[in-house]
Amino acid sequence: MKINQNLTFNNSEGIFIGSQTNCKDCKIGIYGVPYDGTTSFRPGTRFGPSAIRNISNGIESFCPQLNLDLEDLKYVDLGSLDIPFGAPEKVINLVKQATILLMQKGIKPLLLGGEHSITEGAIAGIVDFHPELIILQLDAHADLRDEWLGSKHNHACVMRRCIEILPSKKIFQMGIRSGTSKEFKELKEKKRLISHQSGQVAKSLDKAMQPYLGMPIYLTLDLDWFDPSVMPGTGTPEPGGFLWQDFAAVIEVIKKHNLIAADIVELAPKLDHSEISSILAAKIARSLIMLLSLEK
Amino acid sequence: MKINQNLTFNNSEGIFIGSQTNCKDCKIGIYGVPYDGTTSFRPGTRFGPSAIRNISNGIESFCPQLNLDLEDLKYVDLGSLDIPFGAPEKVINLVKQATILLMQKGIKPLLLGGEHSITEGAIAGIVDFHPELIILQLDAHADLRDEWLGSKHNHACVMRRCIEILPSKKIFQMGIRSGTSKEFKELKEKKRLISHQSGQVAKSLDKAMQPYLGMPIYLTLDLDWFDPSVMPGTGTPEPGGFLWQDFAAVIEVIKKHNLIAADIVELAPKLDHSEISSILAAKIARSLIMLLSLEK
Amino acid sequence: MKINQNLTFNNSEGIFIGSQTNCKDCKIGIYGVPYDGTTSFRPGTRFGPSAIRNISNGIESFCPQLNLDLEDLKYVDLGSLDIPFGAPEKVINLVKQATILLMQKGIKPLLLGGEHSITEGAIAGIVDFHPELIILQLDAHADLRDEWLGSKHNHACVMRRCIEILPSKKIFQMGIRSGTSKEFKELKEKKRLISHQSGQVAKSLDKAMQPYLGMPIYLTLDLDWFDPSVMPGTGTPEPGGFLWQDFAAVIEVIKKHNLIAADIVELAPKLDHSEISSILAAKIARSLIMLLSLEK
Amino acid sequence: MKINQNLTFNNSEGIFIGSQTNCKDCKIGIYGVPYDGTTSFRPGTRFGPSAIRNISNGIESFCPQLNLDLEDLKYVDLGSLDIPFGAPEKVINLVKQATILLMQKGIKPLLLGGEHSITEGAIAGIVDFHPELIILQLDAHADLRDEWLGSKHNHACVMRRCIEILPSKKIFQMGIRSGTSKEFKELKEKKRLISHQSGQVAKSLDKAMQPYLGMPIYLTLDLDWFDPSVMPGTGTPEPGGFLWQDFAAVIEVIKKHNLIAADIVELAPKLDHSEISSILAAKIARSLIMLLSLEK
Amino acid sequence: MKINQNLTFNNSEGIFIGSQTNCKDCKIGIYGVPYDGTTSFRPGTRFGPSAIRNISNGIESFCPQLNLDLEDLKYVDLGSLDIPFGAPEKVINLVKQATILLMQKGIKPLLLGGEHSITEGAIAGIVDFHPELIILQLDAHADLRDEWLGSKHNHACVMRRCIEILPSKKIFQMGIRSGTSKEFKELKEKKRLISHQSGQVAKSLDKAMQPYLGMPIYLTLDLDWFDPSVMPGTGTPEPGGFLWQDFAAVIEVIKKHNLIAADIVELAPKLDHSEISSILAAKIARSLIMLLSLEK
Amino acid sequence: MKINQNLTFNNSEGIFIGSQTNCKDCKIGIYGVPYDGTTSFRPGTRFGPSAIRNISNGIESFCPQLNLDLEDLKYVDLGSLDIPFGAPEKVINLVKQATILLMQKGIKPLLLGGEHSITEGAIAGIVDFHPELIILQLDAHADLRDEWLGSKHNHACVMRRCIEILPSKKIFQMGIRSGTSKEFKELKEKKRLISHQSGQVAKSLDKAMQPYLGMPIYLTLDLDWFDPSVMPGTGTPEPGGFLWQDFAAVIEVIKKHNLIAADIVELAPKLDHSEISSILAAKIARSLIMLLSLEK
């Protein structure tokens, strides 16, 4: 699907289970960004979108937690963005354009990464539509560096960039357990860190986000938020992470809120031959489609 | 070992650690059913029996929890059933015959799967000997469909079939976290679902089964009951599962009860190169042999 | 794409590189048959079609040997057949229907397996259109058993079935290096075996097929024809096989002939983490599309 | 680096992140012992030291828990010991010599195994410097056999040997969940077993070690102490183990104590293609360097 | 099967396809030696015997090259030797005893390794029965070191030891392509090296062995003789090796000779997830059983 | 080793077997370029240098073909270049600087990639010292695109760039078997393609290069020149490639010529768990060190 000279969606790698391939009547739109150009440790997130789509054929359409069935929802899978080589700025800009395209059609975007740096593009595309946007970041890493190896646009700096773009400067960070001394100092000073312990998500997240009921929320889920035991297939696994049960608690909180867009990033499927990482990511995608379908 | 024209046990793939190869003085009999003919997602459970046997050479014979040693017990490993192609009915019938054969000799069967559909055969073989049989199912999936893709005998329908066969209609299901809307409705209405949260097994299971002390119990353990992190080597891993500690709690409950047969199904060992799935399954087999050895 | 009550093509797993998703102006039609229900050793060919499609994005569209470019050709990828459980007869019948559907539209079929037993369906669908059909089988195994484990329709009997169906009884077998004593006796007596040595393909195949120039040819390629070193990702690898250079020689011969349909079967991609098996299969698919595009 | 006729350190396989390659100003010294000669189940711990070093390039230098940065510490990585074939006694003696060498220079040793039997050498080297030494063993196995398969020096007997050497006979064992009946009897009688349940480490360990504040502590960490889900890459994984959060609790206790040496043993990296085992081991090594840097 | 105080065969890991489990009427006896204690690079040959047995269930019993069927032969699989820790001398001595045991019963031994050092034991056991024995070694490495890392009994010195034992000092070495300068000098001077090029085996081997028709031959096959592409699952793969076609040529020569014993060593199955290495080794074992069955 | 503000060699990942870590008396200098920023298919060549170094400990120092021993040669391993994110121009420029640095010291460079685009930097650094340089490219792909996805500096365009830089415009390409129609047309017109068939290397290469005896030669070896069976661990394997025997023929030709620099690129080691790809690459590195040591 060629949108304009630069923006092309490639759907040769299949679709997420139950998706339409056109936007008709859809309020939710999935697209992939198979980009891993700034990965510093173990690459391979470019295969994330196709792995999530492929494995999605093995999951049930019904979610007992949300009591919803994908078969009752309408959502489109546009395919994956065709992306160029070289500087990440171009990719981030394409993501911005794609996000704007969906927002203009009244479609809530769900991005499948690719590495975390793509989130900057999504936020940049959304702020004009939702200037009061609040970001909820689930991640093992703060990603708050201002610059890294001479570059400002990469997975290690992405949340710094997002904060700069965001008028509200409102961002919650949960699960951060690796970073520089400076990053941890900032997290503490700005009181952005909600919790960093598996099993304690429900209360602390609910409390922190209570004041923002009804406000537009963007969820960015770096899959290394999870413990390496349940998510080995990611570039930078960090011991001491979260479990599905914690994400189920996140779902409980978010379903009270106004989720308007989300991304799932940093799945590097070839690092996990058992495929449990891709299966987890696909189940999360199912949950997010359902959460995005809730009208607030 | 050829029993009759149809029933042949093949012991070319080794035996479970400490087993005899003949039934003399044995009260417990292991046999494998290397069948994965109706698997819908990722096949390979046909290699389950040989993987459990092979890896069993690496585990200790002593169990500190039960304070028993395999070296003090007598049990036979008959080998794996030779099974035909085509319709699963034939396989289920062979399992039924094999189970009857053991029951007639006063030997408690422990089946090593293979996919879950084999349980129907075991139950069918046992009901005549124990009409008051109660089934305890540990599983991520309800397996209660009446029919699937035009077939009535497969892993997705197996518990429906078992319920039909069972005079008592008494079945407890624990750990179910994936299924259709209809299945979850039934679980709720029939109050069959004991618990679905890791860490809460001991109390709820004990309470639910209290009224049935002394009754004959069949334990069917679909290994996807476990969390994918501890059991990646199964066809349909489902996030949010149980840990060894939970199974240890199950052991505590079962040891008060009259376990008369059991199966361990859905190990697909080649999906897990680290072999932790097979090691877990072998440790469970050790526990079940010990539990089956307890006279009630 | 639902054709009728039984025949549905599922295109959720992507398409072969450069394919259309509708039949318009197409003379060649790809479809997958993700069936491995009678596999006797190592299963997993159900993932063959999606692996070939997925990896096809990594190959060039130009073929220097045939001096053709996929970009200049028109071909449709219909997706993969939805298939039922149980007896293989149903699957074989669906393949027959799908093949007839394409033949009626004047589209030459290219099947992506799945296990070898599906070839029976394709031949059954084609014979009415081309009663004088000749089969060229590249395979490590004769597949000439009349019955196996009580079944007549499976990968070990498939060529026996095809011979029965085929009015001409004309079949060439190349590369057979494993089988029963009886099968090898028949191969010798019937003079069906063309060659069984890597490096000697060109001459012997050319000579054997010379008399049939212009006749309709069906190529069935069981990927275990290849040596395990170049094709580890197949259920029953057999040492002493063929190399790409041998297949290139096959291409040279076939391009003089009237190829009207073909299949590529027995790719079990998860057995080969390096993916060289899928890459080889995709390159073969590219060659076959081009060979099918040559008008005779 | 050749120390004397028998003792040679080989640094061809790289260094732990941030290490010096000479001892100047260093109070902490890392060295590897790539030995797996008595492994009884799955070998491969010989690759442990190089895997930890290699993967260490992917971890952050800052530790938020200890609020320390490797960049502020001085430590040497001497490389790995060159070791001979044959009887383990020679290897154990080399480890002893290497440990003495470091102790004489006032450098606290951190050994990277290799299998557990090497600990005997380290303890033997330290006792003359610290006769009041106390050992804290984190392990799934008691390793208290007196003899195994006719040998006294191997991974199954290592703690028996250490107890014999140690004047204080003071040893704490945590996490033991597999062993012989005799071993468990001894653990109970001697009250050496601190705890064996994930989630209960902090209190029980703190209490048990309280009386020994200021005493020299040796930590030997057999990585199979961890649960197989977070540490699949070890020779003898044992279900029901500990998580990173438990080790974080261990850190909290140890940082009050006088840690004077430590080892990390039984990493078999090639068993875990996802590399989460090596990443966990490297993060532990980072923690231990920091703990060894604390002056008491 | 316990033979005497030291010699025990363990058959818990299954049997080679078609084997008996007792010696009755057998002229050929298989046994495993799961030893990898002196491996210098990548260990894991201890799993060789079980891998060969396990995978043997997937191969045909008929061999078209030799026109023989395993079903027509009688051979026993005794299981694998129980072996101690520590110095390799003990293992080599056990192999010697086991070999003598078979020779005394008139049974030709086929050893499944384990590493190459076990060959010394087999030769030591046979020389008294066949003082005029000739060894044919297929290998990538000369294994002619006199001593290595202070030891005389290991895989790098094994052929030196065999030559010392052998009264005839008659040994042919084929495929050697890696070693020390000194080893290659000796090979050249002694004219022991037959050929080292794939595709040239038949003639040179036939010519070299022509003078020894009727003499007792021992074939020792280090699987790294093969090219890494067909045999990745070995500890020390060496590029530039041989293919199945070359081994087929070896078969053609050996079948004229009086093969009285053989070994297949250095299979490290876990290094090759595709299992093509084990499949090749099993096919070779089938060939050797057949060659050993030929009466001369 | 920090050379200047931008040029830093990191030697934390070990050294090639037998290397010095300083330049003293060395005529040959190895350095790694762990760059895979423009990889279009499967990334991971960033791990190439460390894999080659790590596995090099398992190979013999003696080469029977060249009759040389690494122990008799002097060469330095400088470590791997620290490289920035973003545009590949920076990396290429660093490679240029590093190459110039070595040339100025009279040291012949051997680069370990990393992807192929780094060759441009090496050529750019050498041309001033050797304006009459001739390039010999062994590769499966022509890499002659002028631009790709909007970029001029990447692996698909690297030889186009090299030709532009090279005053002599003299380049030989061997093994090219994949590319665009336009690339093949150019190869044919310019007569740059020497041979594309395994087994025919010796004659054609010798003849083609005969006129250039004594001229400075740069060998760039894209490892996908090899057949996928012997080199599965590369990003874009292409069926129909070359074997070790062919590279041995290349060695025979090059040893008559004046090799002044070389690179080994496109090893993606994590794609090949058997490690035969890394072993092959290390053996090639050994050969190239020896060839670079020959004075002409």
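We call the chains A, B, C, D, E and F, going by the order they appear; numbering starts again at 1 in every chain.
Operating definition for what follows: contacts are C-beta pairs under 8 Å (C-beta built on N, C-alpha and C of every residue); 3 or more make two chains touch, one makes a residue touch a chain.
Here is each chain with its UniProt name: A, B, C, D, E, F = Arginase family.
Values in this document were obtained by computation on a predicted structure and should not be read as measured data.
Following the contact convention of this document, A, B, E, F is the list of chains adjacent to both subunit C (Arginase family) and subunit D (Arginase family).
More than half of the contact pairs at B-C come back, by residue number, in A-F, the repeat among A-C, A-F or A-D. Counting C-beta pairs in contact across B-E and across E-F shows that the higher total falls to E-F.
Of all residue numbers that take part in the contact between subunit A (Arginase family) and subunit D (Arginase family), under half occur on both sides, making this a different-residue interface. Measuring from the averaged C-alpha position of subunit A (Arginase family) to that of subunit B (Arginase family) gives a distance of 39 Å. Each chain gets one centre point, the mean of its Cα atoms, and the points for subunit A (Arginase family) and subunit E (Arginase family) are 56 Å apart. Residue numbers of subunit E (Arginase family) whose C-beta contacts span two or more other chains: 42, 227, 229-230, 270-271, 273. Under the touch rule stated earlier, the contacting chain pairs are A-B, A-C, A-D, A-F, B-C, B-D, B-E, C-E, C-F, D-E, D-F, E-F. Every residue of subunit A (Arginase family) that touches subunit C (Arginase family) in the complex is listed here, in rising order: 11-15, 17, 19, 50, 53-54, 57, 273. The touching residues of subunit D (Arginase family), counted against subunit A (Arginase family) in their complex, run 58-60, 62, 64, 67, 69, 227, 229-230, 243-245, 248, 273-276, 279-280, 283.
Residue ranges of subunit B (Arginase family) in contact with subunit A (Arginase family), taken from their complex: 40-42, 177-181, 184, 197-198, 227-230, 232-233, 236-240, 271-273.
The touching residues of subunit C (Arginase family), counted against subunit B (Arginase family) in their complex, run 36-40, 42-44, 46, 84-88, 90, 148-151, 154, 270-271.
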